[in-house]
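Paired with chain B in one complex and with chain C in the other, chain A is shared by the two complexes that follow.
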Partner chain A sequence: MTNRSLLSFVQYGVLSVAAFLSVFPFFWMVVGATNTSADIIKGKATFGSNLWTNIVNLNAQVDLPRVLFNSFYIAIISTILTLVVASAAGYGFEIFRSKARERLFGGLLLMLSIPFAALMVPLFIMFANAGLINTYSAIIAPSVANIFVIFYFRQATKAFPHELRDAAKIDGLKEYQIFARVYFPVMRSTYAAATIIVFMLNWNNYLWPLIVLQTNEMKTMVLTISSLASAYTPDFGVVMVATILTTLPTLIIFFLLQRLFVQGMLGSVK
Partner chain B sequence: MTNTALLKRATTLGLGASLLAMTSAFAGDLNVWAWDPNFNGAAMNKAAEIYKADHPEFNLTFNAFSREEVEQKLQTQLASGTIDGLPDIVLIEDYSAQKFLLSFPGAFEPLTNAFDYTQFADYKVALATVGSETYSVPFDSGVTGWFYRSDILGEAGYSAADLENITWDRFIEIAKDVAAKTGKPMLSLDINDPGMFVILLQSTGHWFFDENGELDIVGNEAFKAALADYTEILQAKEIYKPVSGWAEYTGAFTGGDVAAALTGVWITGTIKAADMPGQWAVAPIPRVDGVEGATNASNLGGSSWYLLTSSQNKDEAKAFFNDVWASNIDFYQDILVGQGAVGSLLASREGAAYQSNDDYFGGQAVWQDFSNWLGQIPGVDYGIFTYEVRSAIATQLPALADGADLDEAIEKIEAEARVLTQ
Partner chain C sequence: MAQTRLGRNENISGWAFIAPAMVLLGIFMIWPILWSLWMSFQTGRGMNMSFGGLSNIIRLTEDPIFVKALGNTLTFLAIQVPIMIMMALIFAVMLNSPRLRFRGLFRTAIFLPAVTSLVAYSILFKSLFSTDGFVNASLIALGLSERGVNWMGDPFYAKIVIITAITWRWTGYNMIFYLAALQNIDKSIYEAARIDGIPAHAQFFKITVPMLKPVILFTTIMSTIGTLQLFDEVQNITLGGPANATLTLSQYIYNLTFRFMPSFGYAATVSYVIVVLVAILSFVQFYVARDRK
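== the complex of A and B ==
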């Protein structure tokens, strides 16, 4: 064997192990959804015939359409609002110069280090006073001004050519028009990448919805899985079906926006 | 689609959704938070159904969260001091009862005058009592049993009578003998979960705390004796299969890898799900030797219902609890058969289901046995910090299994528990 083929043998070997490790949990979830709870505990790693029963059982225990609607509604509305607010903020922070700018931005970044658990009780009091406990707004509102996404948009905006804005100004566009007609199309792939990140964050959000949602009919998929899995005798087949249903939307969005996502990660403007 | 049309659609969708959100919690409805809809939920809904027959306007909604989630929600909300969105009734695990009752005085409705508590198992009443007030509606008991495979132990030459009224030393002898003869370890054991040690300790009538709620670990003879017995089990590696996590723990006995499970009665559902009728039986748990007052009965887990002071429907809730939970013996037969839930109302053992023989357990009158043991469980004060001390114990268990000095380990447990409970 030549050195070269030995090298590629090692490379493929390492990659295969890495691929197996990252794909196996997914495989296990799909296989588990087709097996009975007892088979899953025994570690059966082949497809079974229990998929339909698991789906029927899940549907009997959970109001699936309602729970899926809750999850989608919260995730979609939060994603749209977050993108609008965070991209405008990122644009503003980068384009407009002022003395306070960096201090304000530094202050925002510092806030990232406050753990959510410390904010939970005051936040709960705020929302209770506003009469918003157990509503969608209570989940959506605190997620909109996402500091990380603002930071991400600001970084991406650094590559946005100021000449474009100057030219648009000369053509008589107002600031909001520049933002909507010039900035937005140019930064398309940044938006795509942010969509995936923000959608996933909101779709998988657990702690705050747990605290602020009080009834079965308001629960999201993630909360539902958690209560299914915590039974004295959990039906793991049902849990696996629910997990697949919860994984699918983020997976689909990722595949749809994959090309743009990779571009967005590399920087929108070349 | 134009932007305006899109906006209109989004607004309509938003309004529709907020309307849907407003359908929750009308006055007169009792809202319940608890875990496990198939166990606690089914029992609560059954009770509601019985009460509803005479009170058609009565309505109860069961909201399912996990046990940790119920505690976290309750804690956040009570700490925030707002009552908006709190349920009327909440299920709290017995180990956490004192923590909630003492941390949030006034949050839970005292029920001392609403019930005749003498009808419930003593230890269940004791754990929900602060000063002269009792707060709980005692629900499921975690009375423990030694669930064993009668076929495997029979093959090794042991009958039910050989397992009665024995000590842990004898248990280890039997387990070693069974392992040698049949190749099956007696138990599955998760070394990170001190649940089994907790069973041993409560059977002695002692706990981690003295009467004043102070740590009582170093110098607690019962604690030392229980830990010594448990260490012997951990060191006899042939008698247990080490597992990690709940699924593996239950998988070991439902899959036939081990011969027994020594745990709370609520495991019955899991054991029956394994579908091995006639191959199982239940014996009382062994006794810790050398401790005065030690019994062959103990408890693991279990929980009780609590009524929140903020509820708008307290009188209705009390009437409901009194009518069903504190007196309806038939109801307790229903949830025993349906969910395998062993309640704490002592009179329920007179009912037909409790009297019956269970074919799954080879015709043994298991429910009579469990209710007899239930009456013998020594009451202990779980205090505020049971879970903190449990985690301090868990840290030392691997070292003990490897032969660490017992007294030193106990000192380390106390030192760590002191830090955790500050």
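== the complex of A and C ==
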């Protein structure tokens, strides 16, 4: 074998193993949903016939419509508010530059490194004092001002043509109208990419909802699979069906909108 | 971009656009982080707190569980982040070679773990690594182990499971950043290197790595911050066990606040350990990767 073909042999080998290991747990999840719990913890990796029983059992243990509603409601409301607040801020920082605001923007960069663990104790006391424990607002409110998304919109706004703003001003539009009627439609794909990333972030949120949402009827999908799987003797067949339901929305979004997905991911951190 | 000075109205508009975000950040970030600093000097249980000076910091040094959680967190960081960054770089370089076939397929497959929720994949790993589970069955079938490994019951192997899981979830994610950066490198540099007869591995270390330095620095810092806050995986795979062998700092703060009789002041002190670690490590990484001129 020549040096070059050896190299490409190694290359295909490494990539194939990596791809296989990356995809296998997804296969395991789907196979697991068709097996009994006993089969799953014995490592059975072939399809079984227990799918329907698992679905019935999951439905008996969990108020699925309610839990799915909680997840979607929190994720959708958070995403809309985040996009409005963060895009306005990104727009404001980029279009109306001033020394004071540039300094503030530099301050945001420092705040990126504040770990959530350092916020959760005072946040919990704050929401407990306000009587908002176990409510949707307690989950949504702290998630809205997302610094990454502000950065993403500021970066994207650099490509927004100034002539459009000038023309709109001559037409007599007020600043907020320019933002809503000119900026928003022009930046559609930026918004679309950000929607995907922010929705996913909120859909998958775990630690803060774990602290705040305390009753079963308020729990999200993520909290539900976590408590199902941490039972003393978890029914893994049921857990796998629930895990599929939790993973499916983000998986579907990814496959339908792969290009926007990657654009949003890369853009928010440039 | 050169810009004329802003008029008075425009300056007011500037503040108006950023105001909602700034107010929210003030309430949900600045205020809590300052409060938590103040709290770290308070002692007491529940809401009955009194000024304790440095007593919480002294308590840190005498608390074996804290020392263990700190050690575990730093172990995860020191082992997992370099392995993952290295693998992500190698995959990215391989995927970037022009003659590769099935590139899109490989890229999508390796990136796919980054689409899962942290809790969902943690549960999958928990079931894969159970005592009689799939991983052990495979090891026995392949003749690599006689009776399988006690993954969840052994402090060493439990750490391996956590490290494997995090690496699975984040390697493809980091790889995408490197792939994007690689596409911006001028191809003629590699051509010149090839004409000069520079071997592939030397091209990797002398051209690719230096060109990618900013993005490597960025991903390393983000991974460091993420690993220092590790919670979802340990909570759902091992619950910090066995005997606190995988307990992380975030999990300890959670336990101090929400599982045991709440000890807010001490929990705030532990959380500031993470703040300080993030600050120090980010600074060190910037310093190491600075341009020496």
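In this text, the second predicted complex is superposed on the first by the 234 of 270 C-alpha atoms of A that agree within 3 Å, B and C clash if a C-alpha of one lies under 4 Å from a C-alpha of the other, contacts with A are read in each partner's own complex, and residues count from 1 in each chain.
By our rule, a contact is a pair of C-beta atoms (placed from the backbone, for glycine too) under 8 Å apart; a residue touches a chain by one contact, two chains touch by 3 or more.
Since we're looking at a predicted model, the values are computed, not measured.
Aligning the two structures on chain A places chain B and chain C in a clash. Of the two partner chains placed by superposition, chain B and chain C are both touched by A:125. By the touch criterion stated above, A:17 is placed in contact with neither chain B nor chain C. Contacts of A:7 after superposition on the shared chain: chain C is touched, whereas chain B is not.
With both structures placed on the common chain, the touch criterion links A:93 to chain C but leaves chain B unconnected. Of the two partner chains placed by superposition, only chain C is touched by A:144; chain B is not.
Shared-chain residue A:256: touches no atom of chain B or chain C. Of the two partner chains placed by the overlay, only chain B lies in contact with A:227; chain C stays clear of it.
In the superposed pair of complexes, A:239 makes contact with chain C only, with no contact to chain B.
Looking at the superposed arrangement, the partner reaching more residues of chain A, out of chain B and chain C, is C.
Using the contact criterion defined above for the overlaid structures, shared-chain residue A:216 touches chain B, although it does not reach chain C. Residue overlap on chain A between the chain B contacts of one complex and the chain C contacts of the other covers 40-42, 120-122, 124-125, 211, 226, 229-230, 236. Across the interface of their complex, chain A is touched by residues 1, 3, 6, 10-11, 13-18, 20-22, 24-25, 28-33, 35-36, 39, 87, 90-91, 94-95, 97, 99-100, 105-106, 108-113, 115-121, 123-128, 130-138, 168, 171-173, 176-177, 180, 200, 218, 222, 225, 228-229, 231-232, 235-236, 239, 249-250, 253-254, 257-258, 264, 267-268, 271-272, 274-275, 278-279, 282 of chain C. Here chain B touches chain A in the complex through residues 13-14, 17-18, 20-21, 23-25, 31, 33, 35-39, 61-69, 72-73, 76-77, 79-82, 84-85, 87, 247-248, 250-251, 254-255, 266-267, 269-270, 273-274, going by the rule given at the top. Remark: chain A residues 37-38, 40-42, 61, 69, 73, 77, 120-122, 124-125, 128-129, 131, 133-137, 210-212, 214-218, 223, 226-227, 229-234, 236 touch chain B in the complex.
Those residues of chain A whose C-beta lies close enough to touch chain C in the complex are 7-8, 11, 14-16, 18-23, 25-26, 28-29, 32, 40-43, 45, 85-86, 88-89, 91-93, 95-98, 101, 104, 108, 111, 113-126, 141-142, 144-145, 147, 150, 158, 175, 179, 200, 203-204, 206-207, 211, 222, 225-226, 229-230, 236, 239-240, 243, 246-247, 250-251, 254, 258, 262, 265-266, 269.
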